[in-house]
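Got a structure for you, written out below as structure tokens; questions coming shortly.
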């Protein structure tokens, strides 16, 4: 079995983003999905801090620190993009104007509950940012994460034990070994890397998994 | 390539169905998307719920839609005007249902829909006929009425210029309900005086970002100096 | 006793609008107050349909029917004025950003209740427009009306019998014969036209009236 | 003649008092009104409640205000960052109270204050720690949490250009919370790169109408080509 690296995961997510989609990419790993969106497709990247039509990073030395993304990295604006204030930006999310948001996660439950903002450890300073708004607002929320923690525990779980970001909000989980659908009827496997069997995934995750290999190309 | 421009008003409104809820921009005739309304009348969908500030003026626009018998219900703030005779007649004949909403609550409820809120407590209307039977609450010593968002299947609006991504700018007080209706409808259709190349609209001055607009039609061409 | 005519009433209201005030003038009689605002004062007229810095009517023949006021009359925009959408416009009112609004009325109660939108007659088609928002939203709501109906009944009343626009929202009432303050402690007379005594006003209105002639110049 | 321009940042913030609630614009450092914050620190008011998206970055702005011990409570969405060490230290020492609010609820609550609403039902946060103890309600099959407006005594914001009536335009993503904070505070103070003559701002492109701004200061003069 060959696990996908982070670049391959990003490319895999990018493949499922159709032309014309309004997309918000969360900070960290999901941000890299932008690098794999085909340049011949009009895909609209939204950033919570008030821009639509976000372009790639500027040439080094030409950063404008008043043109940044949610991760506070310098970005650019595509021709046809525009700026707006924070209330309009979160209206875009909360009312389902954003088609797809891609988020990282600590844990996702088979029913689509998401935990990605707080470890709940004593002494940890919590910070939520836009995660809760994105998770429950977008038409579809994709999670992108390695399936296992460094300790080898599955991040796809029966029920999240970390504090929740949102209930039943995730529809699909892209990992380094498989793509899952999650939701009210539990989890299904849509794709696996070569050399992996569904039984292996059941062992790795410890959760019931349907075979749902019917993802349209 | 995404191009939201549609060849004609007829094509733009083709999928509006009997029973649809349709927001129509405009304050009186300023900002009223006349060509889209004409196309809607010709298209034939009926039993419509119309959301507009008024209930039609004179013989065109919303008035013509009412006259044509297409409107089952209207949600508005100011139906009775000197020239609202088509609404007046339909209302007195019991052919049209009226939900009268104070103008600011109308705007706030449309904005709430566009922002994904479930309900809002607004002070306007408390203690009046228009709040009868509604939930009220005192918050920080002031009285509020619980009002729900107004969603729509379609919004028909008028803007000054638009581009193929659906970005819009408006003209003077014709802006009025356009920006918030665009946010509140599942499908927003904008008639604009001119479709301009992508990048012509100043990104700092775009009033309605393209995400809120699904279709744009250019109305009868007008000489450049008249639309500047 | 010489009653004020409509022009004199408008001039009287205008006198109480200080420099820098944000003001909304209701349709009908209140609109004429604009004609009496001193040109050397910066006073900001707001129109509910999305403009601030409203100027006078255009020269006949130069009307722009996309630049209108709440009464759908052609107006102009002063240098420094601007446009905005309806939700922002009513936010200006509802949250008390507007300092003064001037409205007409069918009736005002001594406690400041306002009735100005509906006669409640059977068959009458109701229309409310922005009246309810303006009445309860502005920092101060002034009413401008003739004191008596054509039938000689006082429009300043103990309790409105027409359907209400707002509760306890009016602070001052400008009429053709006197200026009243109204509110939680009832009505007071601030000014009377020459030749009128407070006893005459008590007879005309049939309501208890304090002498409150302490209006600062 | 109304002229809202104030001669200095010091004069602009002079009446901020101990215990005031102060909104501060910015998302990280973009849109942070650094000169107003410096003047506020120098002015000395303490026990402040600060409303900002973050809790300071590095050594300047909100971070410096926290370091100076002026902040009793902060309402924000994203306090913990790589360079939020002054907040982290104050928080761990129990010297600062934190009200953590999801970013969209923060924006919606500020907007609700500016619009005079009493409360809003928002879906964000339902079923999470951040909604614990709050009223919830199912509306049309979706779960919502009741959230209250966030008002402030002052808003300190940064814009690109302003005029003597207080009209403002912003620059790129430095716009962020500026327009809604301006609407929600009793007194809004804007630092702008340039104060321009009345009429220089396009009335169609003004983002914050002057009614929402009480004071404008021009920051250190910058050559024209750098602020265009």
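Going in written order, the chains are labelled A, B, C and D, and every chain counts its residues from 1.
Following the convention adopted for this analysis, contacts are C-beta pairs under 8 Å (C-beta built on N, C-alpha and C of every residue); 3 or more make two chains touch, one makes a residue touch a chain.
Predicted model, so just to flag it, every value in this text is computed and none were measured.
Common neighbours of chain A and chain B, listed by label, are D.
Using the mean of the Cα atoms as each chain's centre, the chain most removed from chain C is A.
Spacing of chain A relative to chain D, judged by their CA centroids, is 29 angstrom. Computed from the mean C-alpha positions, the centre of chain A lies at a distance of 55 Å from the centre of chain C. Spacing of chain C relative to chain D, judged by their CA centroids, is 35 angstrom. Within chain C, contacts with two or more other chains are made by residues 77, 83-84, 87, 90, 93-94, 137. Within chain B, contacts with two or more other chains are made by residues 108, 115-117, 122-123, 170-172, 204, 207.
Touching pairs of chains, sorted by label, consist of A-B, A-D, B-C, B-D, C-D. Within the complex formed with chain D, the chain A residues making contact are 47-51, 64-68, 72, 77, 83-87, 89-90, 93-94, 118, 123, 125-133, 136-137, 163-167. The part of chain B that touches chain C in the complex is made up of residues 27-31, 53, 77-81, 87-88, 91-92, 98, 100-108, 110-111, 122-130, 143, 170-180, 207. Those residues of chain D whose C-beta lies close enough to touch chain B in the complex are 108, 112, 115-123, 137, 139-140, 142, 144, 148, 169-172, 202, 204-205, 207. The residues of chain D lying in touch with chain C in their complex are 1-2, 113-117, 163-165, 167, 183, 198-199, 201, 203-204, 206, 209-212. Listed in rising order, the residues of chain A touching chain B in the complex are 19-20, 22, 42, 44, 46, 52-53, 77, 79-84, 87-88, 90-98, 137.
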